[in-house]
Amino acid sequence: MINRSVKNAEEAIAGITDNMTLLVGGFGLCGIPENCINALVQSGVKGLTCISNNAGVDDFGLGLLLQNKQIKKMISSYVGENAEFERQMLSGELEVELIPQGTLATRALAAGYGMPVIYTPAGVGTEVAAGKEVRNFNGKDYLMEYAFDADFAIVKAWKGDTTGNLVFRHTARNFNPLMAMAGKITIAEVEELVEPGQLDPDHIHTPGIYVHRIFKGQVFEKRIEQRTVIKR
Amino acid sequence: MINRSVKNAEEAIAGITDNMTLLVGGFGLCGIPENCINALVQSGVKGLTCISNNAGVDDFGLGLLLQNKQIKKMISSYVGENAEFERQMLSGELEVELIPQGTLATRALAAGYGMPVIYTPAGVGTEVAAGKEVRNFNGKDYLMEYAFDADFAIVKAWKGDTTGNLVFRHTARNFNPLMAMAGKITIAEVEELVEPGQLDPDHIHTPGIYVHRIFKGQVFEKRIEQRTVIKR
Amino acid sequence: MLDKNGIAKRIAREVQDGYYVNLGIGIPTLVANYIPEGMHVVLQSENGILGMGPFPVEGTEDADLINAGKQTVTLLPGSSIFDSAMSFGMIRSQKVNLTILGAMEVSEFGDIANWKIPGKMVKGMGGAMDLVASAKNIIVAMQHVNKAGESKLLPKCELPITGLRCVKKIVTELAVLDVLPQGGFKLLERAPGVSVEQIVKATAGKLIVEGDIPEMVL
Amino acid sequence: MLDKNGIAKRIAREVQDGYYVNLGIGIPTLVANYIPEGMHVVLQSENGILGMGPFPVEGTEDADLINAGKQTVTLLPGSSIFDSAMSFGMIRSQKVNLTILGAMEVSEFGDIANWKIPGKMVKGMGGAMDLVASAKNIIVAMQHVNKAGESKLLPKCELPITGLRCVKKIVTELAVLDVLPQGGFKLLERAPGVSVEQIVKATAGKLIVEGDIPEMVL
């Protein structure tokens, strides 16, 4: 079997240089590639365009890259809970493109499935439709949206094997399998890295063909953004 | 939880009437909904259009419906290994539309994902392109292909629960999850029907929202089409 | 006049047995508390859950298990997990029977505005534009008037819209109203103790009042 | 002159470490037998396997585990199973590095015909049209001439085509040839004991012969 494992986050992010476009998995702080983000902070790479549903919080996730002014542009569906983000956006330092969440997911799917565009009704008649082709099928209007075209994808999985197969846990799946499919080069960090044959072939969410580098993350903080509980 | 289980194949196929269009899961004889097919033979329903990658063999799978002259039209990618099929096709009794296998899969996906059309390069410049829109994206030509629009889907899974969640085994997965997503009404037959909670939520291939009726098949012959083995 | 829980309770009566339901943040989330025992309803969370359960018991919360509002939740027996493309796939293909969400404004043609206030920090539309563009049955849960006392039921949305001609029904602290395809808010029910006149006064868009308007039953 | 196994053996030399490869039915299937020990290659089967292994030992065959040729197969450690949309998704997005398939005709521009003979029963294109339209590296394994002794390397395909300008390389019982983007079959190697003249005679399309043509090393 093909071995796609690398030593650590530093080795995994090799080749990510200034002004590149990155697809980043995760929803809120759930299932984000913490180790890759930390390594990118260390690397000092600048001018990044990040395609990610959210932008982290001030001191965690993509917020760390924002604090460090390494991000030029965010393409996201929702970017609340981040004061530094707000400051950079309002001052014009940070470019922000807001797109519907389903459009974000499906543009990644399209890239992974080799489909140049998809049509979605989301955003028809709104400012999201500005400059886009609108086309009517069966009496309903749809926007034409392009597949993402990004240099790298960084994703986080629960388990992976050295051939790059990935398994996600609960809602930490979210955008991760989609971003993984959409990257020209895809980097996966996992909580548990196993040998080929230890994952059930029927349970693999992302086949290794979509994953170019895989490593066991050193630390997973897995911070909870909204701890909502019922008292015992 | 919603209970979508029905008693048997006869109950499951209720409402499938003459001249309807059916999506049928399976690849060759692998993962085909044997019990539903047998029930359709018994029902005598006629004039069916079947969208299925293959058309079974003379005495098994969709071949049984062909023998019985219940199929008006087949939409498939490959239809060999079936003498009665060939006879009906050459005599003009049976209408056949051949489409590329990936196009077949992706048109079903499109239906399940609410996308009216997809673009694929498969068939550009061939007779498959006749009458279809060709569009160039990034220097490459693509055909526009419509999402399937079918009345019922019949699929076969390994395990399922009463809320309709499905798990497939090995390559018996094939077109089954796609056809399941694409049906207006989807019928699933399973080898093992369990209670909600007995399937791992992370391992479910087809969420129950896509499955309207589910039952435990009475008999699964699971015939092998090409038995290729290494001698002991 | 209803409080937030009253609005949620009234909306819960629109939920039918066998429904798959997507609940937005705020009042819609409360609807889950009022679904009658024995009614089989599956909650969809657009980050990738079918069969979402209540908040976890303290100490059992799981960072890998959150809802679309980023709150820790639980899974019920029969639940399933999927990626965001499939999640919006099932929304787009109208497999979700009912979508309940909040709004800043609704027009008398069912246009909805709920994502952006010009001049204020814009957080984004999240999944709202996908939901409103796709769902076949959308109920809006909101206050009838805004904090400045201005009606949120308008002839035309003034804020940037989220989706066109999509809202089917509105439940506010004052009333239940249908949005008619040809335009207009048709008054169906009054909240307890609320008069038709109060509703007329609080509705800027075309209000249709025909015959006796019953008080709602909760 | 090569036999079928010889053609497969020569094609196996085009396979590189780390490749994901899709093998068509017939001679291409044989290529798997000649991939050197220690070279890490993953076979994709378009019905939904990565990491396909050899045929099963008698008695262990499984009706739920077949390849795209409907033959019973096995799974290697590290394999994965997926549905047909993802399978053709990874083909379409060019994640599969090499596609090897048979052909009835190839034109000097790389057009391929391999699915239909007018007047004969047409079985269908299966996944061939998807593969040839998407793959970035396509090698054709075929006989240089058909049973009637006519060349299968033509100026233009006469049979209904499967895909346009897609074949990059051809290996026959006589020769290895590149298909040039500007048109023409560039002769790279002769099969053992085969002369350039034999290849010229068997090639109807534009053949480019430059310098000494080495005999192939197997």
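Labels for the chains are A, B, C and D, by order of writing; each one numbers its residues from 1.
In the analysis below, a contact is a pair of C-beta atoms (placed from the backbone, for glycine too) under 8 Å apart; a residue touches a chain by one contact, two chains touch by 3 or more.
All figures in this text were calculated on a predicted structure; none of them were measured in a lab.
Comparing chain pairs A-C and B-C, the larger number of C-beta contacts belongs to A-C. Distance between chain centres (mean CA atoms), subunit C to subunit D: 56 Å. The geometric centre of subunit A is 33 Å away from that of subunit B, both derived from CA atoms. The mean-CA centres of subunit A and subunit C are about 29 angstrom from one another, to the nearest whole unit. Distance from the subunit B centre to the subunit C centre is 36 Å, each centre being the mean of its Cα atoms.
The set of subunit D residues touching two or more other chains comprises 75, 81-82, 85, 88-89, 91-92, 134. Among the residues of subunit B, those touching two or more other chains are numbered 106, 113-115, 120-121, 169-170, 173, 201-202.
The chain pairs satisfying the stated touch condition come to A-B, A-C, A-D, B-C, B-D. Across the interface of their complex, subunit C is touched by residues 1-3, 111-115, 161-163, 165, 181, 195-197, 201-202, 204, 207-210 of subunit B. Of all residues in subunit D, only 18, 20, 40-42, 44, 50-51, 75-82, 85-86, 88-96, 134 touch subunit A in the complex they form.
Subunit D meets subunit B in the complex at residues 45-49, 54-67, 69-73, 75, 81-85, 87-89, 91-92, 111, 121-130, 133-134, 160-164. Note for the complex: subunit B touches subunit D at residues 27-31, 53, 76-80, 86, 89-90, 98, 100-106, 108-109, 120-128, 158, 169-178, 205, 222-232. In the complex of the two chains, the subunit A residues touching subunit B come out as 106, 113-121, 137-138, 140, 142, 167-170, 173, 201-203.
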